[in-house]
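In what follows, a single structure is set out as structure tokens and then discussed.
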Amino acid sequence: MTQHATGPVLEVNNIEVVYNKTVQALRGLSLAVPRGQIVALLGSNGAGKSTTLKAISRLLELEDGTLEAGRIAFDGQDTAQLAPQQLVRRGLSHVMEGRRVFEDLTVEDNLIASTYALSGRAGAPKPDFDLVYEYFPRLHERRRGLAGYLSGGEQQMLAIGRALIAQPTLMLLDEPSLGLSPKLTEDIFSIIARINAERGTSMLLVEQNATVALAVAHSGYIMENGKIVIDGSAERLASDPDVREFYLGTGGSGEAKSFREIKHYKRRKRWLS
Amino acid sequence: MRIGTFKETYVADAALFDSRTQHVWLGIAAVLLVAFPFVASDYWLYLACLIAINVASSTGLNILTGYTGLVSLGQAAFMGLGAYTVAILQARWGTPLLLNLLAGGFVAMVGGMVVGIPSLRVKGLYLAIVTIAASFIAHFLFANFSITGGTTGLSMQPGQLFGAVLDTSFRLYWLIVPVTVLMLLGAANLFRTRIGRAFIAIRDRDISAEVLGIPLLQYKLLSFGLSSFYAGVAGGLWAYFFRVVTPESFPLSLSIFFLAAIIVGGMGSILGGVLGAVFMTLVPEVLKLIVDLLPGGTNLTVFLSPVRLVIFGALIIGFLVFEPLGLAEMWRRTRRFFHLWPFRN
Amino acid sequence: QGADEIVIGGSIPMTGVFAFAGVGINAGIQDYVKIVNDAGGIKGRKVKYVPEDTGYKVDVSVAAFKKITSQNKVNLYYGDSTGFAKTINPELDRNGSILMAGASFATELNDPKKYPHQFLVGPDYTEMFGILLNHIAKEKPGAKVAFVYSDSEFGRDPIDSSEALAKKLGLSVPVKIMTPAGSVDVSTEVIKLRRAAPDYTIFHGYILAPIPEFITQGKQQGMQSKWMGTFWTMDSSTVMKMGPDGEGFMGVMPYRYYYDTEKAPMLEKIRAMRPEYQSTAYTQGFLAAMLFLESAKRTLEANKPLTGDNLKSALNSIKDFDTGGLIGVPITISGNSIPVGRVYRADMKAQKMVAASDWIKL
Amino acid sequence: METSPAHGMHAAAPPLLQVDGVTLAFGGVRALSGVGFDVQRGSITAVIGPNGAGKTSLFNTISGFYRPTAGSIRFRGQDITRVPPPQRARLGLARSFQNIALFRGMTVLDNIKLGRHAHLKTHVLDALLYVGRARREEAELRRDIEERIIDFLEIDHIRHAPVAALPYGLQKRVEMARALAMQPEVLMLDEPVAGMNREETEDMARFILDVRAEWGATVLMVEHDMGMVMDLSDHVVVLNFGQVIAQGTPAVVQADPEVARAYLGSGDVGALRAKLQAAAGRAPAPAAQGAA
Amino acid sequence: MMDWAYLFEISLTGIASGGLYALAALAFVMVYKATRVVNIAIGEMLMAGAYLFFTFAAMWSLPLWLAIPAAVLASGLLGAVIERTMIRPLLGEPPISAFMVTVGLGSVLVGLVEMVWSADQRRLPDFMPSKPIMVGDAFLAPKVFWGAVIAAVFIAAVLLVFRYWRGGVALRATASDQGAAYSVGINVPRVFSLAWVVSAMLAAVSGIIVGSIGGISSSMGVFGLSVLVVVIVGGLDSVLGALVAGVLVGLVEALAGAYLGGEYKLLATFIVLVAILMARPYGLFGTREIERL
């Protein structure tokens, strides 16, 4: 799609992030997203997944976080020189945690706002609202309503739809299934898979629902405490015993455990100790 | 060096001043407050009284704005209510001073609660403007009623307490400073209990607070009431201090002054309100002192006077840009620097 | 050496809404003190002037007073606002060592019983109206006079008493218009004024705005009124800012203007010290210092200590006193004010105020 | 633990909470229409349904934040439809919120203490003076929270931390602690495990079971994690477009074709994976099939 | 007996002077719409614009057609500087911080004006036609009339721009959520600057008109208080609200002044304000805050 047809779209090299000059959230994290692939990033609460995405899209500064060390390259270019909106305009879209739709704007105005991502891009692509409405017919029904009154799932659709308008080469998705019904989660993930297949969009996917995440992803990383602890192809991760116990909830047999039979004192994660 | 102060009981953990060091500091502060009038000149005594009055009023505003999150630009008007009440009582009926002060507080409290009624529906800046409206209405009443002496205002005799005539800053100091200290203690206590927690909850998320068991209107009114009670008592002290109360005594700029004080000091912190009021009262005086020290005398004063306005504004801006959490946070940081604060982060 | 000094303290509004006056007052006091000191002081004592800026705020003024009096043995004090005068006078009465004058001409202060240690450096506001109304009654008996004033203590001060006086002088007051403080757009008020069709309109409680707008719009609407103002409007530079429509603007002025050509040795002295125009506020400050020090001199000559009471009775002993031409007639201070003044009229071509009446003594 | 206490008294005791014909409209939008179901004392009842079905609105109606346009809500047999929210809290209706509603300006401890608000009696004067009742009440409250709640939920290490900087999972746990401090008879949890991974979900599931066992509280929860809903609940209510489309035991509900169509999706991980990878245009990898 | 001609004349004047309020309110709304900053120094920004015009026209004797644009541009620059140095560093801080910054800004501007031009009152050169406007028998002060016309033109222009230019969406999006605005490619700092520059320029136009009616002085900022009332009545973020409320407040003030007396002017507007807020807590056209649990 772009001039650098080879090499990963995104390379993150040994980054360290500190919040409020006091809280260290990332400690030497490295990862890469190969072109055209979906990469899952898993990890428990507070591991630093969202922080990683914010560091990449440079939205970190808004929350008083700083990138203290390391290098992030998008399409071969160091992101340190680019302002957040410039990154977006070059094709890096971040769908943030917690949906973050413009509540006071209508659905359609949310999409219009997103057309700024196309400003100044070579070839002047046209915004394609129909594409969004085709993926998410529900948004079409509610396009004149205020985004703030959409239900959680609808807001999530809108957030992804906004990113689609930007016609990105790389999408950063932060917990797209958060709070969505099982069916909608499936739907959203099929759409994510479709977008990836049809448009060749690369994706870095943060997700708590490891089952679906590893189902769509080509490869994945697992992080704890600001570092990557395991990485590998989706298949390899899905068969790792620790991942199976702590992320997929399946015992050694592969059968899902019942929540009623949880031991009070559980085995600790091996990679944590 | 303290690495963790271990508390034996939960009560000790919840105490207002939790360590030996703090008790020592408190003792030193008390001794200084008692000794001050015997060493200070009339000017510094005057300033001390003025500061104490401003501290009382700022603390009240801090309850409302800093802790409950209801921005008010009417604090000066509520002070006016208190001051007029005291002046009328003192000048017309000569009732006892402490009673007058309480009455001033209560009248202001009622006024504050009336102004607070819209607060259930009207929020944020809209509410702030309602308080401005209220203060203009109060100003109108002050200026157009005969009982308040119209635009001329009221003059009154010095107050009397325990047989002493409070006609010098020295004597007033012994009224104003203890009353202020009491009010400060009250405010600090408030935030150890359910009432204070309810205020903070309303500030942070009022709608969920309601579902958690806090009747919003009642507590918003309570906050308005308490805050204006503080303002009213401060206004009463003001009346005894200046002994002339006119409609122009409590302008909007005074309300802004109090707001600036709690922001510069640190919103939602009792210490912040105190530091802010001290700082904001002293800044103009210190700037004047500096100008006085420069060679050039009064001609320089004329030239440099507008500079003070600039510096005053720049200070507010500077604080917000560089230290948004205010003086209280600076103080805390300094303290952390001296104690090895146990394992924060 | 310090004890020998005579100290004039001053709460001077060098910033804020009244700064234009404060700056002039400060210079006036300073200059007269310099003249006296250059001439060897008062009975061998040097005079020291200690001013503080107040921004025209009462609490700041009081702070300045406290500061100055705690650092100096003050005998004489110049205060800025009415509010300040009212706040401090009880204190003066108690400690009894200071005589005070100030920038306020409030009628209320012109009461020797209530304010025994205060005096006004000219007529009070009611007396100013009295001078204007006397002039009008003579010029056009039975005329209609409108009052336009600001909603402030300053503005409301003389209105009620002056309405009564107008009646007594056979004049009528068809309309009294109060404008809110700080208002810029006065179109409605002008309409109201025009409908009353006054022969004279007296503005009070303003410095400049919104007077020019009143006059301009009034003239545009065909009003035939004559326009008048009181002391704080009447500085030459202020009136000249009214532009062409200010032609013929009249008002009461207790002092001579800087450029007056009638014989006035003190004015000549001032013009020698300061070659550029000095405002009437300057003259006010200058005269205040002159009366201050005259009282001090008389007290010392009588071998009395410089207490507030002594200074005040020395002040009240002033009879037919020649101000060196600052005021065109010899003055007598029997109470708290100097009820003398004259009506001046703006001559825009010459960019000067010219006398429109004789000196009027009430 | 095998059978919940509710089962035994099903017929005898009246339901603790009865929602009857509740309808709620916002302008034109009908968030709820004629919703009715019972919550038995001591049960775990789950409300599920597609996004926008009205689950949160239902919670808001029960806790009094929304006033229903029609219908009634009865609690312990008493009609509380017109009772204002703070009073319902005092009656024992406690809840957590879908979008975490902790008070960011307070520490964890104060947040939890706040939950007890409606049960305390301190007045302004007591508070200002901090003697007598205020002091006593605060001390008791502190002990109770420390010993029964903080300990139970294993959050003692963060009790003095400001809530704002806590990771999401801990924030959810603090919300639960605050709800427990409200001395709940009915504990309403709105998506208690959203955004948690499997391990954390397991912790939360254990807390929910223990709350019922140790505190005797009745639990009403909204949740999208079907594994947890099906394993934990005694009774499941399914909402769609503001209407109850099914209710009953987990097994009954799961078998309902309407529910599967509107809400559950395929539910089969293996099939899902195949579908996703087909969508992504890849052949299903052999290893993946093994795992499923 | 009702004097209808008088009522008509007063109302006409009230409506026209309401136009001036509306223009200044527009300057306020621009900033609020984009940045959620309540600019309490709006009166002082008017003052700054008027003094710049005074400097160019009266002190440097530039011709009017040059002095007016120069003053407006210089004000825009001032707006940019204010945004850059005081507002942008507060991105992400609570709204009250930015509010207080503008309080400080007001003080700084007054101080600067007094330093450079002294606190004296001054008159601006006349540049508007002085031929009285007659509507029937009713008289309308020419400055007020032409001021209202200029105001109407600007408000119409802004309304059109917001209607047909996607920049309006960018403005609202930025105000709604800055982080999200970045993430959709909006240049948030640019939106901030733009809003402040345009606002400062509108304030300058408004200041020049107001100053040419009432004269200028360092205390001219009190005009801002009426502006504040107008934006609250209209709704802080509504352009249409600024227009309607401006006219409404102008009318109320005129009627109160005419029939009750000058001291009732502010009182009447404030009572109207409180009444309107009780019925509509976000003003006539303000966006209501979305509150969901």
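Read from first to last, the chains carry the letters A, B, C, D and E; within each, the first residue is number 1.
Note that contacts are C-beta pairs under 8 Å (C-beta built on N, C-alpha and C of every residue); 3 or more make two chains touch, one makes a residue touch a chain.
Each chain and its UniProt protein: A, D = ABC transporter ATP-binding protein; B, E = Branched-chain amino acid ABC transporter permease.
Please read these numbers as outputs of a predicted model, since none were measured by experiment.
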Item to complete: Walk from subunit C over to subunit D along touching chains and report the minimum step count.
Response: 2
Discussion item. Comparing the two chain pairs, does B-C have more C-beta contacts than B-E, or is it the other way round?
Written reply: B-E
Worksheet, complete the sentence: CA centroids of subunit A and subunit E: separation to the nearest Å works out as 44
Worksheet item: How many angstrom between the C-alpha centroids of subunit E and subunit C?
Response: 37
Response to the item:
Distance in whole angstrom between the CA centres of subunit D and subunit E is 49
Worksheet, complete the sentence: subunit D residues touching 2+ other chains are 60, 65, 97-99, 101
Fill in: Multi-partner residues of subunit E (at least 2 other chains)
114, 119, 225, 263, 266, 292-293
Worksheet item: What positions in subunit C touch 2 or more of the other chains?
Response: 15, 19, 151
Worksheet item: Of all residues in subunit A, which touch subunit E in the complex?
Response: 57, 59, 62-64, 83-85, 88-89, 93-96, 100-105, 109-110, 112-119, 146, 148-149, 162, 165-166
Worksheet item: Once bound in the complex, which stretches of subunit E touch subunit A?
Response: 91-92, 166, 169-170, 172-173, 175-189, 287, 290, 292
Worksheet item: Which subunit E residues qualify as touching subunit D in the complex?
Response: 292-293
Worksheet item: Which bits of subunit D are touching subunit B when the two form their complex?
Response: 60, 63-65, 84-86, 89-90, 95, 97, 101, 103-106, 110, 113-120, 122-124, 126-130, 134-135, 137-139, 142-143, 146, 178, 182
Worksheet item: For subunit B, which residues count as touching subunit C in their complex?
Response: 41-44, 46-47, 50, 143, 150-153, 155, 158, 167, 169, 242-244, 246-249, 284-285, 288, 298, 301-302, 305-306, 308-309
